[in-house]
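Take a look at these structures.
Across the two complexes that follow, chain A remains constant while its partner is chain B and subsequently chain C.
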Partner chain A sequence: MFGISRGFAYFLASFKISLRYKVNVWLQVLGAVILVSIQYFLWKNIGNNNESLLNGIEVNSIMLYVIFSRLLVFIIPGNGTTSFISQKILKGTISVDLLRPVHIQVSALCYEFGKLLFNSIFILVPSILLSILFLDIPVIKVNIDQFLLFGLSFTLSYLIAFQMSFMIGVFSIWFGNVWGVREFYEALLMIFGGSLIPVSLYPTFFQMIAIYSPFQSIYFTPLTWISNIDHFIDHPILVQVCWLFIFSSLNHFLLRYALRRAVIQGG
Partner chain B sequence: MNRIICVKNVSKVYRIPKSEKGFFKGIKSLVKPNIVEKVALKDVSFEISEGEVVAYIGPNGAGKSTTIKLLTGLLLPTSGHISVKGQDPFQYRKQLAQMTGVLMGQRSNLWWDLPLQDSYDLLRVIYNLDKKTYIEWSRYLIETMGIEDLLSQPVRMLSLGQRMKAEIVSIFIPKPEIVYLDEPTIGLDVVTKQKVIEFLMHINKQFHTTIILTTHDLQDVEKLCKRMILIDKSILKYDGTVSNFIKKYGNMKRVMIKSDSDNVPQLPNDFTLSEQFIDGWEFIYDQSRYDKRDVLAMIAKLENVTSVSFKDPDLSLIIKNMFREDFEHVWDQ
Partner chain C sequence: MKRYMTLYYHYVKLAFKSLFVYRMDFLIGSFGFILSTGALFFSLFILFNYVEEIGGWTYWEVVFLFAYTSLARAIWDTFMFNMMSLSTKVIDGSFDLYLTRPISALFQLLFEKIDPDTIGELLFSFFLTFVCLYKFEILFDVKMSLLFCGFLFSSVLAFSAIHLVVNALSFWIMETRTVNFIIWRLDELIQYPISIYPKWLQKILILIPFAFCGYFPVSLLINAEHSLYVYMTLIAGPVAFCVALLVWNQGMRKYQSTGS
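Presenting the complex of A and B:
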């Protein structure tokens, strides 16, 4: 369906290519543990200074949130997806993919799945184990419903992030190099998406903007399920579904228009 | 033979926004872009039958790559009609991709970081090929091209010639019915080029694969193709057999003059200097205007000439001179 079986080749390619760069893996695990440690000690200190509640949220919840947000950065689609499409546009190799019997978006998504599997096995799991082993990470009781909702919410956030990063990649047709757009997107993700700290810690004004932005659906919404932080919007998963629909549709139309322009360039 | 490609009165006009210099003009062009129209193809028509090997030739910017993009469904023609296997390639691009192989210049069909064998295996998945058939077919292609030793090497470690051989094999992995090769022998040494040409000839003879080849190397054309389509300045100039082309436009003769002197021999204006060598010059002239004896008489008057020889024109000479403005009168006759 949708060429997924043919796209499996891109999944395999991505996984095999990642396997060939093993040194990177160990350094990335080390980097992840360092990032987690920074968050851990920062929030532990805040907690020790009698600040057991911040904006009505327990420090332990925030600590869990920020630690997992650092780890999700390794698996949520971002720069890799943008580069996948933007480099092909800039180098003109997009025509090779367009001349295969697989939709370009399916191939990009399958390629991302390959990285997801690799990063989950070789970066996420070791980083979580090392963090649990060396740091006194708080354990919050999460019931099975919350855990399942986290799974569903994470899947949606993964797909929204994919669609948004893919769209930035397509912008290469007009902007050439898109690192500026990419940086801007990362900044918005930090402030309105809660990739750095929970959106609930911001002043009300920022929270209001975050509510109406798609960014909170990427990090904040899934993480609230496992850190017991209030979602501050009704039906957060429904909101995610809406954003996914909006960005998928936008990409559908954008691609139809943009790829015609992309293949004109060069002989 | 069945007609497999039909191009009827096809034109392609690119509409390119012209960038303006200066801040305010730049802002203005964002609101109201200044669009420039560039004609890439003008009223081109041809048909290609199953199993044909056709050379599609012309100078840079003539519209060769545009034609391939139109035939593969990457671009939509501005006017006219294209059908490949009875289908509109733009509308049925993915369906046609299953039976089409395309090599576009230096754009790789392989995965740079993976061993060559892995790339071929991945193509099997993309084209949904039966495993047993794939193993037999890929082994056949690999042995025919002689690249067995390269299979375990990552593609990025291959030399240009090795990579091009590997790329060509990859194009044939899905057993395509139609193959478009955009400059497949560019930058290759003589031995590799010969191997590639032999491979293509072999596949065409054995499996009747239709091959459309764009190239600047006219020796390849003479070896591989019976038919050629010549395009220049977006217009189709010739469509027919290579031998007829040479007959039709080959009323030129080449004369090689070797001399001890460094000065270019002075001959009438309609003798065109085609090539310069360390010890001589090659001129071309119109046989209908000058008899061989007249030419020899003119050369006899020159000083320090050590030898004279005459040669028939080959395809490359004809094409080379076809695009020279000072020789255009020959083609307008």
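Presenting the complex of A and C:
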């Protein structure tokens, strides 16, 4: 169906492409560790000089939350997916992809999976190990249920982020250049997704907006499971499923409409 | 000199013209950039709802630090962003083009393009800095305002020096994208007072003159201190830039076209 088995070729290709730049990997790990240590030192300083509870949340939980959110940036789909599609549209090579027996969305997703595998093995795991080795990162007890829920929640957030980035890529049919839209999306992700600081700390007004936005489903929801922070929505995973459904259907129609409208620019 | 000025005028004119090619995207992007700078500011604001100080700095002091570093970086980013493309130019051989023209290659590299995308960020951080200057009563104090301008000039130079050295490495190792990536990460380190970091990290930040892009100038301005540090901060940028120029010249001497 949809040529998923054929999509495997894209998966393998993107994994191999990433493998070519092995030197980069160590520097990226270094970058990730720097990001983690900034948050570590910041929150350690805050923890030492204030009470251990902020708005009823333990500083250690917040520290874990922000550290993991900095690491998620490396694997959540974003730039890569957007330019995968927008480059094809701008250059006109999308005409070739449309002839292929793989649905364009499947190939984009498989391409992203390849990077996910690569980045998890070569960037995420080493960064976490190094951070644990050099910084004394707090450990909190997470039971197996929470961990499984995190897995499920992360999978959903991954797919939602993929759908949104894909959609921005499709926008390039109308805008030409989508750099600006992407910048805008990332800003919203920072504010309402809680990728900088947990949404639970926001003033009520901003919390309300964040709750009803799709952005919190991407960062906030999965991270709450592993950092013991309350996710003040009743059924966070159900909400994620809804957003995923909404964005998938939107994309489905948008892509169909866009392609009918597309005039391939010669290639 | 006059020739360089005219040239720069034309570069700027071209940059603004190319801006309007993708008008819609530019507008959304500028707004997005303001929003993402605003998001970082927003997270500081939230943080200070719960804490009194970070590393001994109060809310407005941290805001000033944030505004100052953003401004210095935005100035660099808007006017000298093109140096980031050196690596690509060396690899695909288009750097040779600069060498055939009768003006300094460095001048062309630095100023050939303006990055209009960051104009939103520039305006936002300028506005925020202005508010802080007012708040700390620096704005109406002629001496302090002059000092501020001097510091800012030095910080922008320090910023450029760091990035110039990193990019000049492409004369030796060609691919510098990842080193650039690390330097961007280090940028983030200085948005907070460096007093929250352990001693060894503070020393690194002073050595790579990142501490002179925010922490030192801002703390000197806030405390209106008149110590040796004032002079050090004022000359740190120019000195760093001279060092960067030396590295650049070495690189130019070493440069061999890839022939592609």
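The criterion applied here is as follows: the second predicted complex is superposed on the first by the 262 of 267 C-alpha atoms of A that agree within 3 Å, B and C clash if a C-alpha of one lies under 4 Å from a C-alpha of the other, contacts with A are read in each partner's own complex, and residues count from 1 in each chain.
By our rule, contacts are C-beta pairs under 8 Å (C-beta built on N, C-alpha and C of every residue); 3 or more make two chains touch, one makes a residue touch a chain.
What you see is a predicted model, and the numbers here were worked out from it, not measured in a lab.
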item: Which of chain B and chain C A:Leu196 touches, first, second, both or neither; value: second
item: First, second, both or neither for A:Asn49, with chain B first and chain C second; value: second
item: Superposition-derived comparison: chain B or chain C, residues of chain A touched; value: C
item: First, second, both or neither for A:Glu186, with chain B first and chain C second; value: second
item: First (chain B), second (chain C), both or neither touched by A:Ser95; value: first
item: Which of chain B and chain C A:Arg20 touches, first, second, both or neither; value: first
item: Partner chain in contact with A:Leu12 - chain B first, chain C second, else both or neither; value: first
item: Chain A to chain C touching residues, read off their complex; value: 23-24, 27-28, 30-31, 34-35, 37-38, 41-42, 44-46, 49-50, 54-55, 175-188, 190-191, 196-197, 201-203
item: Residues of chain A defined as touching chain B within the complex; value: 5-6, 8-10, 12-13, 16-17, 20, 91-93, 95-96, 98-103, 260, 263-264, 266-267
item: Complex contact set, residues of chain B against chain A; value: 14, 60-61, 64-65, 69, 72, 74-76, 93-95, 97-98, 100, 102, 104-105, 107-109, 111, 113-114, 118, 122-128, 154, 182
item: Chain C residues touching chain A - in the complex, by the definition given at the top; value: 21-22, 24-33, 35-36, 38-40, 42-43, 46-47, 49-55, 117, 177-179, 181-182, 185-186, 188-189, 192, 196-198, 201
